[in-house]
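The structure appears below as structure tokens.
Per-chain numbering from 1; labels A, B, C and D assigned in written order.
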């Protein structure tokens, strides 16, 4: 099995290294990751300038682009044989609920949806660097399952892992994405020359974090696995919208 | 009604100006848009450096960031009263099928999902600058409907408009997103110093463009309206994934 | 006479527009300027990605690059006939003393050193937007002199104009660059997530601002003109260095 | 002796590592270098966004900025005790003649001009990675001389080293900067979507490369040392400009 491994924290991130160590013995792993931290990159593409690939001394490939660019290069260019599976992470913070639409970690996995097996995005359930080994083990186990029992698909498995030792994991739950309330207001500040600047503020509080959500699973000590699709069609709302359109003709 | 208008082609794009002209008489419109073309920006956020807002001579606000940044500033900062509705576009090319996950136009609308009314993203069904008036008229009509009959929601209406005169539009269809095959391989080239560079290649051919899809509606001359959700949970696949998880325990 | 006009405050800066208005009647003026504010760009070149040129509605050309890139495009590419003279400004703040090595305004002029006539960089002697007309008039007068009496050269005339009305200018002084003490320490701060960031602090106090310097001329109400060369060889120090090299053999 | 070491090829460049190895035994060396290749950065400053410093596993500090930013941080911020000497390089290509005004390597040294000892910029006389040891030895020897016989100054020693083994160096010459003719035209190309792009072309041929120049010294197998000043005042031209100003009054 050939795995393409990427992330959004950048090619030198410890979470990437931890995942590489866990996977290199069960598959042939190629690492292609951004040269800079790309948190918040979402599915952004570098369309206006060309990409450059550089191989580092540890064999990892570094790209002057986004997570999506990295996986696109790994799956759509003649750098070598196409991978059987794309894995992204380990992100140093959670990617749950609404936040996944901003996530470069999830985006990297999404870009790997064409290769046959379900791409895997993996994130720590809490910000920190202490339990990468737990998440690495969780992913290695998932991949062994895929090797044993392939799961043909074009979706992504979005995995969030409790911030505990592997032995303290309570189990695995299949979840849906929760929802957040809107974010806090931006932080208004000024630079040293007195010119106004804005920074993103804190994320909003959780609005839907009840049973079945990724928020709940991780909070209770379970690995959360949410299957994600790129088809954002709001099927539940179709009828309502159709009625509205008819009414206002 | 207060409208926040943004786009991803940048604050000086003709599609933005055309939409502004069509909306300014039916609502109070504030324009906040990126200072550069951000095609392919997806939902990316500028987290590592602060944002700066500058008001241009025509009254539009220009931001050194992404479409998502622009709408976030317009809805989560004290620049003024919160909008009742967020509108994004007119994009100078289609945003249909899988491509919406990369779209800055759709992302700007998505970021406006918290304001109460369904955010609207609007794109030309074909690349070009000749029929912005058509799309502007379509959006103005949708907004008049919303003014007459509010549609409480947190989804996005993704609108793609045929590249024809307004009178030649055949009607409106509620659609789902189509699907594409994977993209062409990247274009491998070298810069003037002989160093290898990669550019994105062409998008893949349409894989699912049959009845009900956005591709089909626009091809047949209809305005396509697809309600989009940020909840990417792949509900149709949950059972299959649960079975797979159980089987491989 | 064909003039290539650029700046570092960006294509939409009011100082550029003021200078354009003053020059368009005495020469054929092409404006090529950066799409963003490039203060502090020095002579930096965009080598790793390609440049794109876009003509705005007012006829100015906008480039996604640095001041040096803009002038290089205007003098080394087939956009049209080569200019007879390169002018850069009006910068919204002074470019005097050591600071000229960081200046994008001066760099744009420097890049025009090959066209035959001395390139002109012009800056307001004090930060502000109220007296661009003064500086524009000063430059127009200099160019009329050049038209009347050409000055063959490959140097740059670095012009700093007192922040007063044209009638209050006391005259013109040929000056040398003054010197500053080292800058204030950087400003240490943290972003909203508590991560350490650094901003440039204030410039250092003037160390050599006595008679003959640009600092002194502007302070006393004169236009300062300093001829600048790209030959940074420290001729005054050659002997000392040679002695040192000999001594330590 | 405390040395601040930087470069413009980026913190992972082999020339930087080679120089570090040669200096760490004769001084206390702190490395602060850009996270990306900054060739052509000149003296550019990052004024519009804040800088971030990250320490890599090898102890080097990586900065999301320019060579000038790196040295400014190392000399003007409380990261530790101020250095006694700033060294920049080894650049993987020459920095001679007019080209020094574009050089990030020279700029890094220039930013170190306030610390008391003459800052040193060092470059390979020819593009390539085979003879960094030669240049590293040349710099180590210069620093030993400075330790033995300090040379109080605020200029930069710009060192270019022939691309040969250390034993094949013919000696050292104190030189002046040569001059080039203007560069080749830009390369006009198009991206995969058919949109026009421009790349920098080749540098111009040498115009003044006779006896006494840096070009000549390196060509003949000597280490070239050119003292550089930040005072760009064109003293040789002052009289001519004064006459011209008087004539055209």
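Definition applied: contacts are C-beta pairs under 8 Å (C-beta built on N, C-alpha and C of every residue); 3 or more make two chains touch, one makes a residue touch a chain.
By chain, with names taken from UniProt: A, B, C, D = 5'-nucleotidase SurE.
Only a predicted model underlies this, so the values are computations on that prediction, with no experimental measurement involved.
Asker: Pick the pair from C-D, A-C or B-C whose contact list overlaps the A-B contact list by over half.
Answerer: Of the listed options, the interface copy of A-B is C-D.
Asker: Pick out whichever of the two, A-D or C-D, is joined by more C-beta pairs in contact.
Answerer: Between the chain pairs C-D and A-D, C-D carries more contacts.
Asker: Per the centroid of Cα atoms for each chain, what is the distance between chain B and chain D, given in Å?
Answerer: That pair's centroid distance is 46 Å.
Asker: Would you mind pulling out the distance in Å between where the CA atoms of chain C average out and where those of chain D do?
Answerer: So the centroids are 22 Å from each other.
Asker: Roughly how far is chain A from chain D, centre to centre by C-alpha average, rounded to an integer in Å?
Answerer: 41
Asker: Counting only residues that touch at least two other chains, what does the list for chain B look like?
Answerer: 48, 50, 52, 64, 191, 199-201, in rising order.
Asker: Touching residues of chain C toward chain B in the complex: what are they?
Answerer: Within the complex, chain C touches chain B at residues 12, 35-36, 56, 64.
Asker: Can you name the residues of chain B that touch chain D in the complex?
Answerer: Its residues touching chain D are 48-50, 52, 64, 187, 191-192, 199-202.
Asker: Name, in rising order, each residue of chain C that touches chain D in their complex.
Answerer: Touching chain D: residues 37, 39-48, 50-53, 66, 68, 72-73, 75-78, 98, 100-102, 107, 110, 114, 145, 148-149, 151, 153, 155, 157, 172, 174, 176-177, 179, 181-186, 188-189, 191, 195-201, 225-238, 240-242, 244-245, 247-248 of chain C.
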